[in-house]
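In what comes next, chain A is part of two complexes: it sits with chain B in the first one and with chain C in the second one.
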Partner chain A sequence: MRGKRLFIATFLIPPLLLYGIFVISPYAQAFQISGTNWSGLSPTYEFIGLDNFQRLLGDGYFWNALRHNGLLLLLLPVATILLGLFFASMISVGGRADRVGVHGVRGAGFYRIVYFFPQVLSVAIIGVLWKEMYAPHTGMINGALRAVGLDGLAMAWLGDPRFSFWCVLVVLIWMNVGFYVVLFSAAMQSIPRDLYEAALLDGASRVTTLVRITVPLVWDTIQVAWVYLAIIAIDGFAIVQIITDGGPSSSSDVVGLRLYKTAFADGQFGYASAIGVAMFFLTLTVAAMFLQVTRRDRVEL
Partner chain B sequence: MTYKISRRGLIQGAAGAAAAGALGGCAMGGDDSTDDAKGATSANNPLGVKEDAALEVVIFNGGFGEEYAKAHQSMYQERYPKAQIKHSATQQIAETLQPRFVAGDPPDVVNNSGASQIDFNGLVAQGALADLGELLDAPSLDDPNKKVRDTLLPGIVDVGSYDGKFLSLNYAYSAYGIWYSQKLFESRGWEYPKTWDEMIALCKTIKAAGIAPWTYPGKHSRYMSWPIVAAAGKMGGIEVIKAMDNLEPNAWKHEAVKAAAEAYYQLAVDGYLQPGAAGMDHIQAQTEWCRGKAAFLSCGSWLENEQKSVTPPDFRMAVAPTPSLTTGDKMPFEAFRGTGSEPFIVPSKGKNVRGGLEYLRVMLSQKGASDFTRKVSSLTAVQGSSAGIELGPGLTSVTRMIDAAQGGTFTWLYNSYYRKLERERIDAACAELYAKRITAAQWCDKVQKSADEFAQDPAIKKYKRA
Partner chain C sequence: MAVLTETRRQTPPVETPPAAARPAVFSHLFLTVWALLTTLPLVWAVLSSFKSDEEILTSPWGLPSELRWENWSRAWNEAHIGRYFLNSALVVTGALTLTMLLGAMAAYVLARYRFRGNRIVYYAFVGGMMFPVFLALVPLFFVVRNLGMLGTLPGLTLVYAAYSLPITVFFLTAFFRTLPTSVAEAAMVDGCGHFGLFFRIMLPMARPGLVSVGIFNFLFQWNQYVLPIVLMQGEGAERKWVLAQGLTALAVNEGYRGDFSGLFAGMTIAMLPVIAGYLLFHRQVQSGLAAGQLR
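Showing the complex of A and B:
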């Protein structure tokens, strides 16, 4: 009896310890630090209660950043999942119906690989790449617009507060779609082909098959994708920092960047931790909400 | 009987582990004890360096690289052969060193520079920096009868001082002004304008010739705040700038500031800014300028080094002071903003503060400084240290500008007192101004509002420029 207990303990304690030290303890400390005016440069600090949170409520730059995260939260998962589903269904079941049965469009294997490319690149490389693509004179986007005679549409993309946020959103969608295409196609592979064949025999259109058969049967995967994308939308730090650094005039700022700048550029770790704590609850709430909203009965196959 | 691990037990265990972790690795804990190594002072060792004390130097690995620092370290090593020198270089100064400041174990010398520089406001407020005043009063390495203070270029002590204490040595010397290509100007018969009216007239000619008169980095529009503030200072006198540094009410609504903002706003209104510049970063804009797509550019004297790889060989870049706004300007046309950059600090809690000071003294020797200029093509804070070194056309024009000003240089300090004010707020306001989304008067209001925010924020330590 004792031996077994010890045996289990030896396996459980090391990972729990690591988890405690590297995950739970920093979280706990962030809560503690958020109640201080710690500058992050010396061991001295004072407890100031909830002052940091009060300041947060009146901080226009924080709300502005939060608004952008909110927009990302609304748009990024929807756009990425819709595109991902579309591409994945084209790759898996989009092909012309013929004697071979239900299959993907021609060149599906090629597309599958190409869509995954952005996932192979590191975030930093994607950021720098797109920053140059958006460059007003030397960038590829304006270059392409000019090449087809649309000079009027060539903009100073990242220098214009009307566009900078949307430019970042496009990059975020571009870099994420590939992964969800692969995820969804994997899920679609497990849907029995005869379901599609039956639907086709009944004269269902492609849109109907997608909405009535594919989506319900990969719903679990969509749900997971939704939560992942929501977390990416609440973060967004790396790409924003590299491409626009929040500018111009905070028009593409996100909460993560605000936190980072408050801590490392302004030397206000107490206030930065308060932003972090706010973000913690936000992420938690959003994840719980999404799981709740997307809850459905499982379809057994 | 079988033993089952209950869910509650698991959670308790996890909480216990977390508590242990929190005790073990607290981010805010620190050790205050410092053992400052100190040796006997002598004529050869006026700062009292302990000969065998180890010295740790952390260098910002940016535009200047780290090779120059290794040369300085071997010069130090020559003087103190028993000292062990630890050198490291990083781009992430704040991220790397912040925990060490907290732990009370900072390096002895830090080149606190770059995009992730540790905020000086915080460092100074926390008393984390050693007073370098002793270094200023120590005899220089080259001439025992001359104090280090007297070997520095004007403005260096000002820019490193906080409430009268000299805490940061800005080793490189940067001159700010408006840059142009001498080749382009000579071939077209253009002359650099000394007044703003001439500037506008010349811009018209340049535009007619099919070249954009100005370009600017719209993503770092603060570059274009420099000529505004410089022109305002030259028009209204240094008091205008001091009022900004001291966050005085309505400092940015002074007549001279309004006039300067109007003047530069005119460039946007008349279409003299390169189309698309609003979306460029500094490298993209500077490269457009080097490719001859634009005639004028606002920058500091690091420009030549930064653009080395893309500048055509016969480009001959040159810098000039901002044009005078009126005939009644308080400062002559030749006055320009000259100041230090590349701050070096000696943390007060370092183990070898004396060694840190001595290291800076070595850097400020003629040998140390001229070696730096040779290696990284930048001037240093040390007078006359570029003599005899063959400089590029850009730096040569900088030395000419220094000579012409005859000591009439000036600078502002709000950017080092309140880094965010310039890096974020003024930057954003300038982006709006040059994209014509706000007018010059609105720009003044916007910057003033930001300055007021800083003045009223109790979390920010205020400094007074005398």
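Showing the complex of A and C:
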């Protein structure tokens, strides 16, 4: 009996210590610091209650950043999931329909491997790569536009406040679609082929089968995808910081970048923590909301 | 609807090969477009890493006139990509070992032993998955600074390991629960102690689970961005930078120095090992990442 207790203690205490010091204690302190005017340099600070949050409500930069996160929250999941479903259904059931039935396309394995590339690359590499692609003179995008004679469309993409946010959105979609193609096509593998065959025999079009058969049967996976893409949309920090650094003139700013700059450029640690707390509640709300909205009766097979 | 169905049935698509073949061609067309959109940027970066700066400036789409490996050596040595690579490798090796060992230990005890507080400890670990890392950023910076570990590789290693624990404990607890109890009981009867049981029997049996979550953790740690840029600042920290940081710093500096080819070479050096490893183990990587996200 003593041996068992000793064993449990030896196995639990080291991981708990590490976790407590570097994860639990920072999270707990964040709420506490968010109620202070701590600037980090001085050891003294005052507890100012909810003043930071009041200031947050009137902070134009914060609302501007939040608006961009809101746009990402609307557009990133929808675009990524639609593209993901589209390509996944082509991989799983887009092949030739013959006497034997409905098939996936040839080379499905190849597509799955290639589509996954951005998922294994770090955000730093993706960010730097796309920053170079958008570059006005040396970039691949303007190079392509000039090559086909569309010189008028070659822009300073990241230097123009009208485009910078959309440039970031494109990168976020590009880096996420592949993962969801793989995920959705794996989910589609478990749908019985004869459902498609019956539908096609009844004259249903490919679009109808996608909307009426595939989507309801992979709804669980779509729901999970939605939550994760929403979390990515609330973050967005790394790509924005690397590609545009929020600019020009805050036209692509996001809340995570606000927090980072408020803390580590301006040294306003109390206020930065308040932004962090706001982000936490935003994440929580969005996760709960999506789960409510997307709840649907599961289709049993 | 019934009429429509009837008319369609008279001309079953299976009997007409051209019409039936069309969807496949169609699918391949769209699928190929996205495959190109995914790969062309990467190929472009690799090709640009062999070009001269002048070639990059004058024709972004042109091919390099020769293989200029000197770009690679310049990136590796002068831009310190080699040093950052080594730092990344050191931190991730240490952190991954620590994560897997501590995570497996905690998960095993939580999955297989009944004791007071078991559930509380489990939810304390798993609850960490729900919090955005941004919430912890400011206090974490001071925790690490107060420990004197700001801008040091051991500090970053410990932080990586700590932030990988929630998913690891969650995943491995579920995995240890699925392992049969009969083997454990037999070993106990044969006089095997708790420690021996874990290291000699349960850990080897849990290998598939360890591999999946290990791959997930490797990519999480290797590709980490926000933790290093917050924790690796201060005097002399540039020497301890990891690859992600070094690369973005290079991208910013490149603007001043105009060394485009060096930047592309650095990018390629950072990219190729991961792509190569992925191509070798693509099945495991895909299932590992999917398992991590579908928790």
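Note that in this section the second predicted complex is superposed on the first by the 272 of 301 C-alpha atoms of A that agree within 3 Å, B and C clash if a C-alpha of one lies under 4 Å from a C-alpha of the other, contacts with A are read in each partner's own complex, and residues count from 1 in each chain.
We take it that a residue touches a chain if its C-beta (ideal position, glycine included) is under 8 Å from a C-beta of that chain, and two chains touch if they have at least 3 such contacts.
Everything numeric here is computed off the predicted structure, so don't read it as measured data.
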Chain B versus chain C as contact partner of A:147, first or second or both or neither: second
First, second, both or neither for A:211, with chain B first and chain C second: neither
Partner chain in contact with A:78 - chain B first, chain C second, else both or neither: neither
Per-residue contact with chain A, leading partner among chain C and chain B: C
First (chain B), second (chain C), both or neither touched by A:248: first
Contacts of A:29 with chain B and chain C, given as first, second, both or neither: both
Chain B versus chain C as contact partner of A:155, first or second or both or neither: first
Chain B versus chain C as contact partner of A:12, first or second or both or neither: both
First, second, both or neither for A:21, with chain B first and chain C second: both
Partner chain in contact with A:136 - chain B first, chain C second, else both or neither: first
Chain B and chain C contact sites that coincide on chain A, given as residue numbers: 4-5, 8, 12, 16, 19, 21-22, 24-26, 29, 33, 40, 131, 137-138, 142, 264
Chain A residues touching chain B - in the complex, by the definition given at the top: 1, 4-5, 8, 12-13, 16-17, 19-22, 24-26, 28-29, 32-33, 36-45, 131, 134-138, 142, 154-161, 244-245, 247-250, 261, 264-268, 271
Residues of chain A touching chain C in the complex: 3-5, 7-8, 11-12, 14-16, 18-19, 21-27, 29-30, 33, 40, 83, 86-87, 90-91, 94-99, 105-107, 111-125, 127-133, 137-140, 142-144, 147, 174, 177-179, 182-183, 186, 200-203, 206, 221, 224, 228, 231, 234-235, 237-238, 242, 256, 259-260, 263-264, 269, 272-273, 275-277, 279-280, 283-284, 287
In the complex with chain A, residue positions of chain B that touch it: 1, 3, 5, 13-14, 16-22, 24-32, 94-95, 98, 101-104, 116, 118-119, 121-123, 125-128, 218-219, 221, 275-281, 284, 287-288, 293, 419-420, 423-424, 427-429, 431-432, 435, 437, 459
Footprint of chain A on chain C - complex, ascending: 4-5, 7-9, 12-14, 20-21, 23-24, 26-28, 30-31, 34-35, 37-42, 44-45, 48, 56-57, 59-61, 98, 102-103, 105-106, 108-110, 113, 115, 121, 124-125, 128, 130-132, 134-144, 158-159, 161-163, 165-166, 169, 193-195, 198, 219, 222-226, 230, 233, 243-245, 247-248, 250-251, 260, 263-264, 267, 270-271, 274-275, 277-279, 282, 285-286, 289-290, 293-294
